[in-house]
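Okay, structure first, notes after.
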Amino acid sequence: MAEKKREMAVVASQEQLADGIFSMWIQTEAAKTAKPGQFISMYTNDAAKLLPRPISICEIDAVEERLRVVYRVTGEHTGTEEFSKLVEGDTIPIIGPLGNGFPLEKAEGKSVFLMGGGIGVPPILELAKQIRCEKTQIVVGYRDEQTFLKEQFEENGKVYISTEDGSAGTKGNVMDAIREQGLKADIIYACGPTPMLRAIKAFAEENGITCYLSLEERMACGIGACLACVCQSKEKDHHSNVHNKRICKDGPVFLSTEVEI
Amino acid sequence: MAEKKREMAVVASQEQLADGIFSMWIQTEAAKTAKPGQFISMYTNDAAKLLPRPISICEIDAVEERLRVVYRVTGEHTGTEEFSKLVEGDTIPIIGPLGNGFPLEKAEGKSVFLMGGGIGVPPILELAKQIRCEKTQIVVGYRDEQTFLKEQFEENGKVYISTEDGSAGTKGNVMDAIREQGLKADIIYACGPTPMLRAIKAFAEENGITCYLSLEERMACGIGACLACVCQSKEKDHHSNVHNKRICKDGPVFLSTEVEI
Amino acid sequence: MDMKVNIAGVEWNNPVTVASGTFGSGAEFAEYVDLNRLGAVTTKGVANIPWTGNPTPRVAEVYGGMMNAVGLQNPGIDLFCERDIPFLRQYDTKIIVNVCGKSVEDYCEVVERLAGEDVDLLEINISCPNVKEGGIAFGQQPKAAEEITRAVKKYAKQPIIMKLSPNVTSIAEMAKAVEAGGADAVSLINTLTGMKIDIDRKSFVLANKTGGVSGPAIHPIAVRMVYEAANAVSVPIIGMGGIADASDAIEMILAGASAVSVGTANFFNPAVTMKIVDGIEAYMNKHHFETVKEMTGFVK
Amino acid sequence: MDMKVNIAGVEWNNPVTVASGTFGSGAEFAEYVDLNRLGAVTTKGVANIPWTGNPTPRVAEVYGGMMNAVGLQNPGIDLFCERDIPFLRQYDTKIIVNVCGKSVEDYCEVVERLAGEDVDLLEINISCPNVKEGGIAFGQQPKAAEEITRAVKKYAKQPIIMKLSPNVTSIAEMAKAVEAGGADAVSLINTLTGMKIDIDRKSFVLANKTGGVSGPAIHPIAVRMVYEAANAVSVPIIGMGGIADASDAIEMILAGASAVSVGTANFFNPAVTMKIVDGIEAYMNKHHFETVKEMTGFVK
């Protein structure tokens, strides 16, 4: 009872990876139990900004009890801007790990796509590190040549890149990369903007591929109590008793056929 | 037009003088024109706490463009607590110098009392440094033996101390010190809690002594526009057209006979 | 020193509960909070049938608080009785069931259904849109509020707390109306209606356009309303609105509340209620209050 | 790109004014702000005779804002006309005189007195306590609001802005009432009534017990009310409540305001209005708005 808590994580390091994209390692107990695809709620130190910022776990170092988050600063005077100014030794309140993460076991013996787009790329890294499967094909889409995390992906599978401006890899999005390269897979794990996920869902369902999608929504509690962050579910959900699932608690990862996006 | 502004002062140094009493030197343009008895509005960096904290000027270094403030931390989670955590190089938004200060010229050739009580002690220091008069008698009252600024007062006049608990100087308040020592003066300048100022006002008026009092009130604008910080005036005030004077703009220093306290 | 309070005949171990809709039925928060240390758990509003709620985004951050338009999504009273009541009954805490509806009949149906259930108090959320009256909330017209109170009281076996909306000209009048209707207690405030616009996208931040503002930003308004309501009626008041620490809760009690609810603050720190219970206790010790009742309305 | 706005026939250089009571008559702020760069200056409420106002403390800090109970201290209309109007006339800005009173006659007296003065607009603050009606504000009853509007219009030579209180059940109804009474424009919101208790001293922080809450904390409520009022009436709306930066001001305009007033934010930064004027201009350039009118009510 009452075994979880909001904790003051300590910033271990922070660096900028690309325009507006920051990477931060934090010292936290959450690292002990974290799994790929889970997220943490990060809180600001600004008394005007009280809601959590949900940020996916990008890497887990269970031994050193550290988590890595990679995030985009969405604008001036935002919480993420505040995060980007933290330096080693600063503290940041967090709750986590939250949500269910990607079902790794489903990949066993299969050929997989690990797909990430934009700021949905980071959670794919820890997934790539932990997944045990026949063939790891990492398909990641960026805006431009600032292909953050690419080197690390290359250590963990075969990497295919798409960029919106064509400055690296396939010009277009991750689906374009798959088509261009004629890639095939038995199972997909994906995180990214909704239009990308919609396209992947359609592709997977047309081709009868099992597909897991990590969704996003505005949150308040982050733990399943407030019903802020729902997505529509195909079947009536057993918890809500309506066609809604909580992204923070029942997700953020869902089987593509479970949800309407 | 529009020659004054809110400025980001830089903390030059901070030290603790006594339990809950802090001293901070700040680098600021306000030092160029500041006079003893004036104050500055200090702003927090906490988005929940938006009003200014009016703090008296304790010392002025016009050459280095620095001001010293000495202030009490009034409790946990207060603005003054936040100030006490600032360190060299931190910035703090301020406006000032504000108000009118003590009329130094009135002391010429006279025997004076410079009286301070509690957190009303600090502004007396710069006053003591600048005043030119026949005889400077500094009468300062403290709670206990933590007689902050005493050494500096001793460099600027004859110092008489009172303490509530009798641990230093006269046991009691500043009026007790005057009576015990049988001190006399032609003019009084005082700052401190209202009960002390009331006693000084009564004493001065009974003895026909010219007396200047520095008053306190909750403020919002600090510049005379909002009418938050009024005190009652004996005569109808020419600005307000009622029996109210603005402490921030018309004061904080008033002739004792002008105001009802 | 005794933290117990008696609200309409029901004794709570301490004066702290959670605000409806911010705590589910407690299951998720039980991982962060010892539910036995709450005076009561107030559940998310429940209707006669399941409600889907509003489209997303349902929440937005505002200065010093948040805005929500969850739209009273709920699983309906049947699943609630089957699942949530037995869960909460495992704990040494009182159960307050928050009830919503779109017509007087909806409310009465839920209240009647709960009459046979092992719950302690019912809180009637009259900020719901009254479909028959063109969507204006029951809680914005004294007459409608009085009538709905009288109607649910006919079916109620548990004491009834009427939960008032702050979006009214006179909270005192609303409190008097529900007291006249037979309310056993009054709780306030629900959220203040607000709006946020994303100036870059040139659109409303919430899918519902408007939402209810809650959190520290509304606290002084809530304290004033609790004070006014407490001076208007003699039934106990459960005070809420922006309580984020013990000091906020104590302010509410000194203004006239017999108990307090903590809502939005649970989202910044899921264990905040524990600190609030401890803080009230420490304050009572320091200021020599023997009972919460002595504190209630102490500042006049 | 043109920042000019036309409010009830009066052309302002830009849509930014200051909220009554937060800026005096501009003399003190003139040291921090170039008054020529304000669309208009709205003065502190003035009555037929001098008012002493409330005892102190008159202000308190609240989370994300403040509370005031200045009590409309003012020097009376005679000194105001003699001193404040000539001061403001030195600048290239419009003059909006905010008027208060305790009876309909009080208001009419001030409005009549101002008919012969060189001022541009009158703003009637109907949040003042109506002494004849037991102290309830004119601005909390649609009928009283309509009547006072009609009464002052009889004496007015300048266009009349009716300033609405947010402490009402329906702001749309209030806006309609003053429009029916002949208002040329509507401004909102005035402060929300709040209360703060010092738990250590066990007393109210303000001598007046209650005070008006203003500042960023109330902004989402103000935006909602501006939106509702703009959709209820066809006269122009001056939006205010918690505007602290250009983005807050733009939100208000997109919601339906033709101009905006900045109040409490002047106390955190006396030159904030200059940044707001610049920020609105930058936004209009970026988002290709040619006029403020195009922006007004753009988000529906």
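Letters A, B, C and D mark the chains as written, and numbering starts fresh at 1 in each.
What we mean here is this: a residue touches a chain if its C-beta (ideal position, glycine included) is under 8 Å from a C-beta of that chain, and two chains touch if they have at least 3 such contacts.
What you see is a predicted model, and the numbers here were worked out from it, not measured in a lab.
Both chain A and chain D are touched by B, C.
The chain with its Cα centre farthest from the Cα centre of chain C is B. Taking each chain's centre as the mean of its C-alpha atoms, chain A lies 35 Å from chain C. Centroids built from CA atoms put chain C at 47 Å from chain B. Mean C-alpha position of chain C lies 33 Å from that of chain D. Chain A and chain B have CA centres that are 56 Å apart. Chain C has residues 63-65, 216 in contact with two or more other chains.
The residues of chain A that reach two or more other chains are 47-49, listed in rising order.
By the touch criterion given at the top, residues 46-49 of chain A touch chain B in their complex.
Against chain A, in their complex, chain C makes its touches with residues 21-24, 28-34, 44, 50-53, 56-61, 63-66, 68, 70, 73-76, 79, 215-216, 264, 266-271.
The touching residues of chain D, when paired with chain A in their complex, are 63-64, 216. Within the complex formed with chain D, the residues of chain B that make contact are 1-6, 43, 47-52, 93, 95, 217-231, 239-244, 249.
Residue ranges of chain D in contact with chain C, taken from their complex: 62-65, 67, 140-141, 167-170, 192-197, 199, 202-204, 210, 213, 216-221, 223-224, 227, 242, 247, 250-251, 254-255, 283, 287, 298-299.
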